[in-house]
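Listed after this line are the structures, all set down as structure tokens.
One chain, subunit A, links the two complexes that follow: it is found with subunit B in the first and with subunit C in the second.
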Partner chain A sequence: MRQFFPVEDLARDERFVQTNMAERIKDPRVPGGGSAKKKSSRSSTNKLTPDRHDASDRARGLMHGIMVGEIQALEGAGRTAHDFDAGDGSGDTIPFALKLDMARQAWDEARHVEISAKLSTWMGTELGEFQENTVLFEAACSNDPVLRLAGVNRALEGLAIDVFTQMKEFGDLAGDPFLEFCEDWMLADEVTHVKMGSDWLRKVTENDPDRRAKALEFQQVVDKLFSFGGARGDTAESSFQLARRFRELAGFTDDEVETIAGLDQQALVERKAAINAMQAAVADS
Partner chain B sequence: MDNAVDEVADAVIGNVTVTPGVFRNVRFDAAELAALVTELAAESGVTNPIHIIVNEATPLAKLSAQFDDGGPDATLVIRAESGALENTKQLQTFGRERAAESLGRMLLRARDRMRDDFADAPPDRQLTLAQNAAWDAYCAGRLARAGHRVVPQRWRYNYRNRFGFSDDVDAGFERLWAAEDLGFADVVAEP
Partner chain C sequence: MKLFEALGGWIATVPELDVKMRLGTHCYHHAWHAELWHKRLPELREMKPERLTQPANEAMVRFIEAMTEPEAPELTIEKLVGVYRVLIPHFIAAYTYHRNNTSEITDAPTIRSLNFILQDEFDDWRDGEMMLQSLITSPADVERAAAHQAKLESIIVEAGGIAGHGSIGPSTVVDGPQLTPEPTTPEPTTTEPTTEGDA
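The block that comes next holds the complex of A and B.
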């Protein structure tokens, strides 16, 4: 069986159309249209809450994003279980117990795909109705398994914690009996996946501080990318929040959480500057 | 939603005016949009002039429609955020099915407003979220029966989010979905 699978070769049927982060950041549109929110606006933040006029459609879009993210997480964990030989963790090997954890994670993600697909149907979404952003799998393509742990388990699955917390809250407020319940169960799995990443990253790099530093640096790059230009953050302009408590349970230190919050804020500032530049260029054309 | 389109020339095609006439942030074509609006207006029985104003500065999908005065030849002004008209598989491009579903609802609302028993209906922007959800269900059902591609579960979920997740609420949705000749009070009645 082939090892090290490039993102271009992911198997999808004709319903799915893929895009990537480079394409998405070229879109100069912003939710508020570049103007300040009116005081009379029903929603004073970008956060997904049931009192938004577009609540159900926004929730449908986010759920579809979760579903394709689960597919890619399944593919990423499966690749990591298969791509590297069992060994002591040095070089291109990973401990056999880490392979088992990746296999367990792949099993979890497969279940999450099924749950998310059923939730999408429940919410009135057709599979493939929205573009699939492949940024998640791209983070799982590193040749170094430790970088995959940092990028996928800690950054990607950390993002899943934030998003699932948001969706769980949405389901609870809306009174949706299935959404809140399903998100809660999947959230528990994601905390476990992040914790596995945190534990294995520390264990495998125990005697290799340089490798650990590179992995954490890579995680910061991915974390900033997964902030989606500040869509995640603690400000009113952010669509979903950093789930600090669950991240703590998943093995993040307070300093690490603050670092991610800082990256989110930085991503928001950079995204706004890029949008302003694009809009100025359009106006001048 | 009112900004970002003022300084751009309109495109006038038949009975339909499109603002802006040339899109910059999205790859929409004013003539294609006007042709779709013309087709939907004929289906809906709306013969008034129509002015569609697209806010291409935002990817959100809010819609509203209102007549510019009370006369029989009043212009129907439809305001649409660009997300309501785009292809969700290829963002920034025009999505004919999605646009037909969005604009078809606005035109059916406009036709409803011509009825005496909709005289008490507040302007679109003053409707409550629940009133919007109920009227959308009523319009989406009629659009589906007119042959447009509509996913009933999308509107059922939207309705449930406003009224609750129960059998009584589902029965209320089915009543609206199947209806053809309701007054505003019937549309917004609690399920």
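The block that comes next holds the complex of A and C.
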């Protein structure tokens, strides 16, 4: 078995359909999907609430996205437990205790896959009904384990905290205790995973400020990418909110949360500018 | 340790979703076993620290290499056979032998860990066998599984089991292919009642 495993070789059965993020975002059924606001929307915000006319499709799409994200998180944690020898954290090594934490995370993600698959069935979705983009695993493919901690544990598992908080609230509003409590259980695990990433990132880079800066820079790139053009944020236009309290529990400092909020806002402004430019180009033609 | 690393690495390589999930679960079980030994072994003062994480011999190194070699997505049977039909049965044998032959008083912490670990091993062995039986559906599959098992079993026998020769006691093979152990006289019991204190 190779030491590092490329994203294009990820093994899937015939039910899965893989795509890139741009194509996935074009799908109007998923939150933040579709390039223009639907005329038929009766909602004053982009937030996923049960009273939206498209709530069912959006919730199912989001749950399917969570499920494939959990699969990739499972694969990523397993690869980090495998790819690096136990050592002092320098070079191609990671501390033995970090390997154990990655194995623990693999177990948690395996349970999350099972939970998400059952919730998808419960919501009337078939596996493969929505496309899968593999960006999460790409973030887990770095040859530097510290970048994996920053990209996966801090940025993407951090996103999971925001999304699970949203889905838990959706389950509560929709009167669906299965959804609400399943999301709450998974949310508790995600907070643990993010904290794990925060703690290990600080510990492994304790004496290497350059490596830490590079990792945090990578995290910001992933954070902005997974803001989905500002779909996450603190405004009424946001599809889902930044879960500040849970992020604090997961080891984020106030400054770090503000940085993410700033990136979300920046991504929103850039998306609006891109849409305006596109509309102007159409009007001119 | 090698086992949890291999299981973790294989998760991304198997297309079957149920196998993927189970490998993730078992990866943690074996990581926890490694953690227990990582804590316990240095407490055993007769152990040499440099030997704690070393393979028993060169054949065991070859075994791990051969067991972890399959990577392609169509080789799930080979991956599972190596773990659940070869390595884990050897683990169970070695752990059971050790548990049954160490001191229940002085080595009680080891026995406690062995009991927890053995329970996991039995559960995982059963899961693995069920996954294999769901994948082995034709005579060709049976031959594949058996051939791979024989290949790996030969190497681990050469290694003398997971911890080297003597892992499950002295060999019963003496001067040639003698498979039946010589009858032995039972050891005298050490629990004879004493006259003092007997009511």
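Quick note on the criterion: the second predicted complex is superposed on the first by the 257 of 285 C-alpha atoms of A that agree within 3 Å, B and C clash if a C-alpha of one lies under 4 Å from a C-alpha of the other, contacts with A are read in each partner's own complex, and residues count from 1 in each chain.
Definition applied: a residue touches a chain if its C-beta (ideal position, glycine included) is under 8 Å from a C-beta of that chain, and two chains touch if they have at least 3 such contacts.
Since the structure is predicted, the reported quantities are computational estimates derived from the model, not experimental observations.
K.L.:
Looking at A:S56 after the superposition, I want to know if it touches subunit B, subunit C, both of them or none. Which is it: first, second, both, neither?
P.N.:
first
K.L.:
Touch test for A:A110: subunit B only (first), subunit C only (second), both, or neither?
P.N.:
A:A110 sits against subunit C, while subunit B stays out of touch.
K.L.:
Quick check on the superposed pair: does A:A81 touch subunit B, subunit C, both, or neither? Answer first, second, both or neither.
P.N.:
In the superposition, A:A81 touches subunit C alone.
K.L.:
Quick one: classify A:F5 as touching subunit B (first), subunit C (second), both or neither.
P.N.:
It touches subunit C, and subunit B stays clear.
K.L.:
For A:G124, is the partner it touches subunit B (first), subunit C (second), both, or none of the two (neither)?
P.N.:
A:G124: touches subunit B, not subunit C.
K.L.:
Touching subunit B and also subunit C: which subunit A residues?
P.N.:
Comparing the two interfaces on subunit A, one with subunit B and one with subunit C, no residues are shared.
K.L.:
Using the touch definition up top, name the residues of subunit B that touch subunit A in the complex.
P.N.:
The touching residues are 1, 3-4, 24-26, 55-62, 81-82, 88-92, 129, 132, 151-158, 160-161, 164-165.
K.L.:
So in the complex, the part of subunit A that touches subunit B is made up of which residues?
P.N.:
Going through subunit A, the ones touching subunit B are 17, 19, 24, 27-35, 42, 50-51, 53-57, 59-61, 121-126, 128-131, 174-177, 279, 282, 285.
K.L.:
Flag every residue of subunit A that touches subunit C in the complex, lowest number first.
P.N.:
The contact residues of subunit A facing subunit C are 1-2, 5, 9-13, 71, 74-83, 86, 96, 99-100, 102-104, 106-107, 109-111, 113-114, 117, 127, 137.
K.L.:
Report the residues of subunit C in contact with subunit A in the complex, numbered from low to high.
P.N.:
Touching subunit A: residues 1, 4-17, 20-25, 27-32, 34-35, 38, 68-71, 73 of subunit C.
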